[in-house]
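A, B, C and D label the chains in the order they appear, each numbered from 1.
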Amino acid sequence: MSRKSYAIAIRDVLAEEMRRDDRVFVMGEDIAEQGGIYGCTRGLLEEFGPDRVRNTPISEAAFVGAGVGAALAGMRPVVELMYMDFAFVAADQILNQAAKIRYMYGGKATLPLVIRGQQGVGRGNAATHSQSIEAIFMHIPGLKVVMPSTPADAAGLLRTALRDNNPIMFFEHKILYNTKGEVPDDPDFMIPFGKANIVKEGKDATVIATSQYVGRAEKVAKQLEKEGISVEVIDPRTLVPFDTETVVNSVKKTGRAVVVHEAHKCGGVGAEIASIIMEEAFNYLDAPVIRLGAKSCPLPFNLGLENAVVPQEDDIEKAVKSVLYK
Amino acid sequence: MSRKSYAIAIRDVLAEEMRRDDRVFVMGEDIAEQGGIYGCTRGLLEEFGPDRVRNTPISEAAFVGAGVGAALAGMRPVVELMYMDFAFVAADQILNQAAKIRYMYGGKATLPLVIRGQQGVGRGNAATHSQSIEAIFMHIPGLKVVMPSTPADAAGLLRTALRDNNPIMFFEHKILYNTKGEVPDDPDFMIPFGKANIVKEGKDATVIATSQYVGRAEKVAKQLEKEGISVEVIDPRTLVPFDTETVVNSVKKTGRAVVVHEAHKCGGVGAEIASIIMEEAFNYLDAPVIRLGAKSCPLPFNLGLENAVVPQEDDIEKAVKSVLYK
Amino acid sequence: MDKERLLWIYRKMQEIRKFEEKALELFEADKLRGSVHLYIGEEAIAATVCSLLKDTDYITSTHRGHGHCIAKGAELAPALAELMGKATGYCQGRGGSMHIADVTKGNLGANAIVGGGIPIAVGGALAAKLRGTDQVAVSFFGDGASNEGTAHESMNLASVWKLPVIFICENNGFGISTPVKQSTSVEDISVRSAAYDMPGYTVDGNDVLAINEVVTKAIERARKGEGPTLIECKTYRWLGHWTGDPQVYRTKEEVDAWKEKCPIKRLRNHLLENKISTEEEIQKIDEEVIAAVEYAEKFALESPEPDPSTAMDYVFYEN
Amino acid sequence: MDKERLLWIYRKMQEIRKFEEKALELFEADKLRGSVHLYIGEEAIAATVCSLLKDTDYITSTHRGHGHCIAKGAELAPALAELMGKATGYCQGRGGSMHIADVTKGNLGANAIVGGGIPIAVGGALAAKLRGTDQVAVSFFGDGASNEGTAHESMNLASVWKLPVIFICENNGFGISTPVKQSTSVEDISVRSAAYDMPGYTVDGNDVLAINEVVTKAIERARKGEGPTLIECKTYRWLGHWTGDPQVYRTKEEVDAWKEKCPIKRLRNHLLENKISTEEEIQKIDEEVIAAVEYAEKFALESPEPDPSTAMDYVFYEN
């Protein structure tokens, strides 16, 4: 085990996998000398040289597409999007090409491509640089969708992603980069996709949280413990594939559920999870599943407004009490 | 009233509004001489000339963006996307620009822009030309999202869209273009946004359906009537704004609901609607809401495969019986 | 060019022509559905370019992709079966005409998104460069596609990274109904090469020898690691953009004039006039091609539909 | 150029400079958050271009947008208030530095998406053309942005539609840490104008007179309905891409050399050497600018935060 930040955990796995497999290479804006604007590729240029650590022009469609082509041609590209919001500039290459090619070609193509980058609020970047857009990539079939919430998960899930033979959207969160945690040193440490993490066990209510909300839900759960409310906190870790079993079993046990994420509530992943719970555990539910997510407005620049738009810990607490009719 | 097709209904409203307001103009690929590949702009060039009926180069980001700019500058552009799937090539201009500008500018800009086009299966166009992608535009705030299911709705909703001062995604369906129906001749005939249509009243179960599934759900409802099952069929008509009240009141009455759409079930609009029903009518529900939508795979070319992927009338019937525990 | 390669080109052009005539016939007989974009009239480009490629070289293609696919080595039977959505098709009925691919032969796929394949070719070339092989990648795209952002981004990227890509713009005068003049700011699209510091050529796209000359240069340059080239081939599609196209945008005279410039007839005449080949030899090829297309038709018609219960197969690679 | 306009340009350049120095100071004092991209060193471009525009002409701007915004007529107080996210800011605290706009003055907005504003300018020009006015639209964008697909698509579209757009590429040598040579296939981005059949010029972006000359020509051409022009202004940003940028990609010497080429100093010298203006007159402008910035600071600091309960306001126009 080594204690390191979420950003460094990512950097280290990239380096280890690049050492292990020379088909792995990284490209993106300002990832070489600069090491990425959040430092996730720092030092890679020095170790692996400019062929495998490539600064790209600001042309997301071209370099995501080049990732698709290089993957089809036998390489294992890792493409960094500086902000996941820029996925919209390359949306066709992700949603119409990467996601569909294997299927459209009748299974005769393999496309091991990792598209990674950060998203979310927390740095005053406003509407075009603060979104959480994972729901879109969950909706369009053909992509695996990963959302690590801790340094260890970032490491274990990224390694799994890098050894997977499918196109993967790997959603980091900008405010998690500096959070620290213990990360296994095992160079084969992997966390399987489709296996949710029961972050904290509990029996009264289930909170399903993603990304930065996992830690915040855990914090709320610990507070509620003091009030005698036992909350189970689950982090799905991957949205595609989704671990229906762990979530549904928990709700069958607790009878109550809250889903919380930073993305917009309307049409967000919470809607899918709440619907799955209703489908699979309707007779166990003692209260409707509550969904927490950003309100239906673009993310504002001002901090007070931003906080008014995305869920707060207070909201999680109230939601848990509400499903408990307290 | 005049009997006309869904495509002609659209064409006529475009022409009428262009006559009424010279700020309205249309642009898109092959919409001039060709009149659009589905004929929705046929004859407009002859009447309004090449300034207001503009063939664009194949550059969706540029001409959607030009629509954004022209709208900001006081015009009322209508942009045709030949297939809504191509929205991904212009996704940034729609999702980061059109949707957010008014909000980001503190309400000091007005952006009357209609982006319209067809989507869906039915013509063997396979994965990149058969999608139903409305959920994405419902998730990102700032766009109104419209899905007409009949010629009259197409006319009434399009006129409302053309007189609205907001950016609007107007989703037509390729297999509806040739369907015919009565359309009011009133040159001010408008259908308000956010007002669901109760297509058929019923008391045993509610089916919420969109686009081409409205007609199919109605057909199933009529069949079930013969078996003594009374189904209420609701077409939300607009997803943003969404008429929660009509849907929830219906489910409070029937206690059972099925949502059916052509888009992928996972993360689709059905998840949002099912979640809203759970939130607002949990105590009235006698069964979990069932969602029907395309399976989680890209849309296949082969017709038999395609039919295996998107919901069939049979599936609707089974789902209704299932929520009735029959 | 040696005789063998000339005859290979001739054969491929005929294969494309006869294959597509068959596809059209099947479409009109309602045995084939979907969007089918025919390449008839433009065969010289795919055939000549691919005659210069190895199986290990890559191409990316377009919605009008049958020609590229066949020229890059696809067999006619599974290709036609794919157009019919059969289980025996290249994509097991999942892709259809607009998404046909044969990655084993270096065809990274047709692409129904205009401009969608261009960056993918750049990726193929990048893979070659990273592995240090002398593979090249050819991106075929239309005059209409040249105005998509991906065309620009890809040419710039290939240039700054000195990647072995050959950009082949098939300028057939129209994007659906829209004439080049209405859509494109320059008359010769190849002049855009200067914007990417790469060589650019405009050639007669119906002239096998002319295409051969510039593509040879471009491939040499690419294999030597000197970077990409843009080649515009001026040509014409004889048929509508799709079957049933009313073709309001052009006259019958214009179409007929181009039919006079048939690239197959032209190559045939060249072979005969220069005594490179004989009537008999060419006739034999024609007959073989017709037999192959007949076999393909029989194969495709007799092939089973994919089993609907397998619809969800092939979304993901099972690790 | 007449004295009045020269002094106007000088004043705007100083306003931009002093405004940004203040913004930086507030950022470092933790009174301002978010991504703030400073234009210091590049002021000649925005000021000179906008000196040639009317309020009814349009511009679209970039993430580095304060200069364009001020030059196009924004008042400093609500501009600074917006950078601080205050209720009195141009966007009521919703946009911030990267999305600041003042549509009433024809500024269609900063744009945090690189290349995102270029098609929007084309749309402004299209509106002008449809209305038959002589309005023009200016699209400012960086060297990095020139490689985005939107740049290409927009220039092609503006050219085929002969729209009154002036494309102003501010080439400051870098996109964040990436030098132009690494990202861009040509040394002079203006050569790309040939790909769109429009005039192209490269000028010294720190030279007000040089910029004035080519932009005047471009605006005349646009107003006469002859179509767009591409102008590349070579310049340099003095500060990091953002505050706290380690600037690993360049040397202090390089930065210092460019500071010698300060566009404000240069114009000031020109005004004095040619006796167009006097020390006193210029001093007076400087003092007025400083006073205005001080007022803006006070205004912004004292302004209230937006009421969180209004967070959902302004998503939609209420019809």
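We take it that a residue touches a chain if its C-beta (ideal position, glycine included) is under 8 Å from a C-beta of that chain, and two chains touch if they have at least 3 such contacts.
These numbers come from a predicted model, not from an experiment.
Considering every other chain in turn, the ones in contact with both chain A and chain C prove to be B, D.
The minimal number of chain-to-chain contact steps leading from chain B to chain D is 1.
Seen from the C-alpha centroid of chain A, the farthest chain centroid is that of C. A separation of 30 Å divides the Cα centre of chain A from that of chain B.
Per-chain CA centroids place chain A at a distance of 36 Å from chain D. For the pair chain C and chain D, the distance between mean C-alpha positions equals 45 Å. Looking at chain D, residues 91, 93-95, 99, 113, 116, 147-150, 153, 156-157, 160, 182-184, 314-315 sit in touch with two or more other chains. Looking at chain A, residues 56-57, 59, 61-62, 85-86, 89, 92, 96, 100, 103-104, 126-128, 141-142, 295-298, 300 sit in touch with two or more other chains. Taken together, the touching pairs cover every possible pairing of the chains. By the touch rule above, chain A contacts chain D in their complex via residues 29-30, 32-34, 37, 55-59, 61-62, 85-86, 89, 123-129, 295-298, 300-305, 307-309. Residues of chain B touching chain D in their complex: 25, 51-52, 54, 56-57, 59, 61-75, 77, 92-93, 96-97, 100-111, 141-142, 144, 163-166.
Within the complex, the chain A residues that touch chain B are 85-86, 88-89, 91-92, 95-96, 99-100, 103-104, 126-128, 131, 133, 135-136, 138-142, 240, 263-264, 266-272, 274-275, 278-279, 282, 285, 287-291, 295-298, 300.
Of all residues in chain D, only 147-153, 155-157, 159-160, 182-186, 191-192, 194-198 touch chain C in the complex they form. Interface residues of chain D, counted against chain A in their complex, comprise 33-35, 85-86, 91, 93-96, 98-99, 112-116, 144-145, 147-149, 175-178, 182-184, 246, 248-249, 305-306, 308-312, 314-315.
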